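Across the two complexes that follow, chain A remains constant while its partner is chain B and subsequently chain C.
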Partner chain A sequence: MALLLPPGLTPSETAFLCEMEMVTVIPRQRLEGLNLLGGPTPPLNPPYRTPLPLWLALLLKRQRRANILPPPWLSPHSLTAILDLEKSSPSFSPLPTLPAHTTTSPPFLPSATADAPPDALPYHWLELGEMLLEAASDDIAEPDTVRRLMRDLREVRMAKMRAGVGVLEGGQEVNMNGVGGMEVAEGRAFILGVVDGLRKIGASKEMSRREREAEERENGIMGGEEDEEDDMDM
Partner chain B sequence: MDIDDILAEVDDSTIPQETRDLQELTRTWVNERSAPELLPWPAELMDRVLERIRQQISLIEDRTSSTDPKSSFTLIILQTELERFKYLTRSLLRARLAKIDAFPLHTLTHAPTRALLSPSELQYATTHTAILHRHFQNAFLGQFPEGLRKMDDSSGGVNMVEGPDLEKAVFVRGRREAGVVIGGEGVGKEFLLGKGEVVVVRWGVVREVVGRGEAELI
Partner chain C sequence: MGSYYNIDAILTDAQKVPCTFTLDLPSMGYLDDNAGGDIKAQTSISLPLWLSTLLAVQRLGPSQAPLCTLDLPSSISPRVLNALKADPRTVDLRSLAGNFYEGAARCLELFEEEEIVDILCESFKKRAADIADHAHNPRGALGEGADFLRGLDEMERQLFRAAHESSKAMRAWMGEMKKKS
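Here is the complex of A and B:
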């Protein structure tokens, strides 16, 4: 049966996507390596840190078979620094510096593992932070502070998103560097609606402009020949 | 293609094929969910993924017979992952069906679009349109005057067959190290989209670079 959802990922689909991010776990139990459909997983040997996809890490965490080592940016210190950065600039804070020479993009970048850069928010920061705070708050230092900082960050960034609507123009590209996955999912309907609406309003104007230009061009190039034809007719 | 892209490909080859397929499937899914028109059917990728899903199901069925508590947890992991894969493929197929259903006549009559369908999708679209047409014919079209019965009339300068709006805005992210040039001749101002950069732009402007995999929709 056909899908009834609007085009573009919905917030829950974005969360599904985010669950493919790699995180670092500290296993509490042994588990042999598994041949999963998405590639083999490394064997778990306590207490060695192991990278696993988030969905599997959450499964292990819920069954108390492992602890999740939160990414360095999900700490009060880093979030405070990023919040200051967000407040000081009208654009979104830059994404973490990507490891060179890979064409992979989120959620397949190592932006949520224990060795991720501590000074930048990755693409799935909001979903990932929320999920970790919900399922693994005992693994996070000062979870309440982190929760409060996340909320502040979200508000600052949402205000930027709203302010950015002012620059939306029909037909022009709109720069959204540094935007997060969940922010796209939430703002998509509004932003694309405004862009498409402005385009439709601008389209009629544009069409008359093009027609006028084409006419002028035609007159410019064809002018001489037309005169000749006219002369011959006469 | 420049040196960075070649290096990136060499790097990618150390990743297992299964993982690369998951990444490709995920990207295909996100693109298909976000693009206003139908995208090419990834035949080889889907063959590999569906075959692996089949194997995994039979593996799980075999293992379910054993009652060892340790292997039962492994089984839960395998099943959870299987469900995630099934969701991904199903959502991809359903997103495609939604587009076929939205513009059935355009999909069948517009040759480049028709070529994007998988064999089963083509069969579905053909049969579904035929049934629908027959129903309309019996229900009311048959009672109309001869000249008004067509479903694909294009006389009078207005085509009845509706297609997708290719000028809809989309969110695009660059994938190439050296950036990818967007726009140019006849499609507006030219600009460079760097790796990881995101812009909102008309689909018509980026459909080619997305098709080549140099940029992706988000």
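Here is the complex of A and C:
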């Protein structure tokens, strides 16, 4: 019992998963295709853009062998538009719509390459944005503005998640569509705690409600007989 | 309820609840600081929850009344509930009972007071929102929120700890990333 791990992924695990996302790089050196366990990587020919997994792109970027082309949503213009959308509506901004023929699991969606849709935040937006700002800030236009906008977006969305707790009750639900992986990792413990606490406090009410419903159902099934019995008692 | 080894469940069970005995009980006076004496009918004594709940459902015969009747504990008295209704954030739950919510939930299983359940749920939610704000503030536990945080009951403390840990893990990840590059 003492060694129980907390449920869910930690931030570093989420970031690890995010490193499988594909990004677009502009290589500066030639590199033959590598045969890796996860599949072969495309060969790099200097002036041509190539999609690579984020971890490899970051590695090459740190060795100055490639430049990363940031996804279109990671620009001041798109982020401002998304931030306005977030501020004006109570729900989270929708996830990007992606071409139908791609695989459906998040790590392999082309949501962070150069031809990703510019008007929506993908699932791994927070961790991917932070990693790119950290490792490749010279490839991003206006990195300081982008950094500020990212922080604003995070604050706005976290405030929304916290406000969502206020409407939790019995059958009601909070719409968390569009929440990113890192945000889930951060908010999970708190939200689980609140839901669990409310369940504990409301247990007696829930129980009496169930009993009432069971009774009503029973009455509904044998309604006729019950009424007769009542009459006789009278 | 809960696990046999759950300290919080044990502490919740040890909370005292006022009960009124309906019968004379010979030589049970030690419960009322009166060793060797008797307990007269209609005496009100505070007994731990685990004992009083058993006594309240125990009958000597099928037609007889239960041994004692339970009253609502002082921690969910009307005065406290009114204060919670007015502003949940200012009430010091810890001074009322260490395991306020769990104790109240245990009692309410016996009383079926839906209005009290609603008040408690509402105040838990309102306080949870504040807890989240304090937990994300790195100086939260030391700054102006200290009074509020001292008044959290055990369940809310766990919530605070969980929220604080996750925002700490997040900051740790961001710091680690900066070191790497």
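Definition applied: the second predicted complex is superposed on the first by the 200 of 234 C-alpha atoms of A that agree within 3 Å, B and C clash if a C-alpha of one lies under 4 Å from a C-alpha of the other, contacts with A are read in each partner's own complex, and residues count from 1 in each chain.
Assume a residue touches a chain if its C-beta (ideal position, glycine included) is under 8 Å from a C-beta of that chain, and two chains touch if they have at least 3 such contacts.
Note that the structure is a prediction, hence the values are computed from the model and not measured.
> For the three-chain arrangement built by superposition, which of chain B and chain C touches the greater number of chain A residues?
Greater contact footprint in residues on chain A: B.
> A:188 contacts which: chain B (first), chain C (second), both, neither?
Both chain B and chain C are touched by A:188.
> Please work out whether A:9 is in contact with chain B alone, chain C alone, both, or neither, and reply first, second, both or neither.
Touch status of A:9: first partner only.
> With the two complexes superposed on chain A, say which partner A:47 touches: chain B (first), chain C (second), both, or neither.
neither
> Looking at the overlay, what does A:177 touch: chain B (first), chain C (second), both, or neither?
first
> Could you tell me if A:90 is touching chain B, chain C, both of them or neither one (first, second, both, neither)?
Touch status of A:90: no partner.
> A:34 contacts which: chain B (first), chain C (second), both, neither?
A:34: touches chain B, not chain C.
> Of all the chain A residues, which ones make contact with chain B and with chain C?
1, 168, 188, 192
> Which bits of chain A are touching chain C when the two form their complex?
Residues in contact with chain C: 1, 6, 10-12, 15, 62, 130-131, 134-135, 158, 162-163, 165-166, 168-169, 182, 185-190, 192-194, 197-198, 200-205, 207-208.
> Where on chain A does chain B make contact in their complex?
So the residues of chain A touching chain B come out as 1-5, 7-9, 13, 16-17, 19-20, 31-32, 34, 36-40, 55-56, 59, 63, 65, 95, 98, 100-105, 107-108, 168, 171-179, 181, 184, 188, 191-192, 195-196, 199.
> For chain C, which residues are in contact with chain A within the complex?
Within the complex, chain C touches chain A at residues 5, 101-102, 104-105, 108-109, 111-112, 114, 117-118, 120-121, 124-126, 128-129, 132-133, 135-136, 155-156, 158-159, 162-163, 165-167, 169-170, 172-174, 176-178, 180-181.
> Give every residue of chain B touching chain A within the complex, in rising order.
Result: residues 4-5, 7-9, 11-12, 15-16, 18-19, 21-23, 26-27, 30, 33-36, 49, 52-53, 56, 73-74, 76-78, 80-82, 84-85, 87, 91, 94-95, 97-98, 100-101, 167-171, 173, 175-177, 182-183, 188-189, 191, 195-202, 205, 216, 218 of chain B touch chain A.
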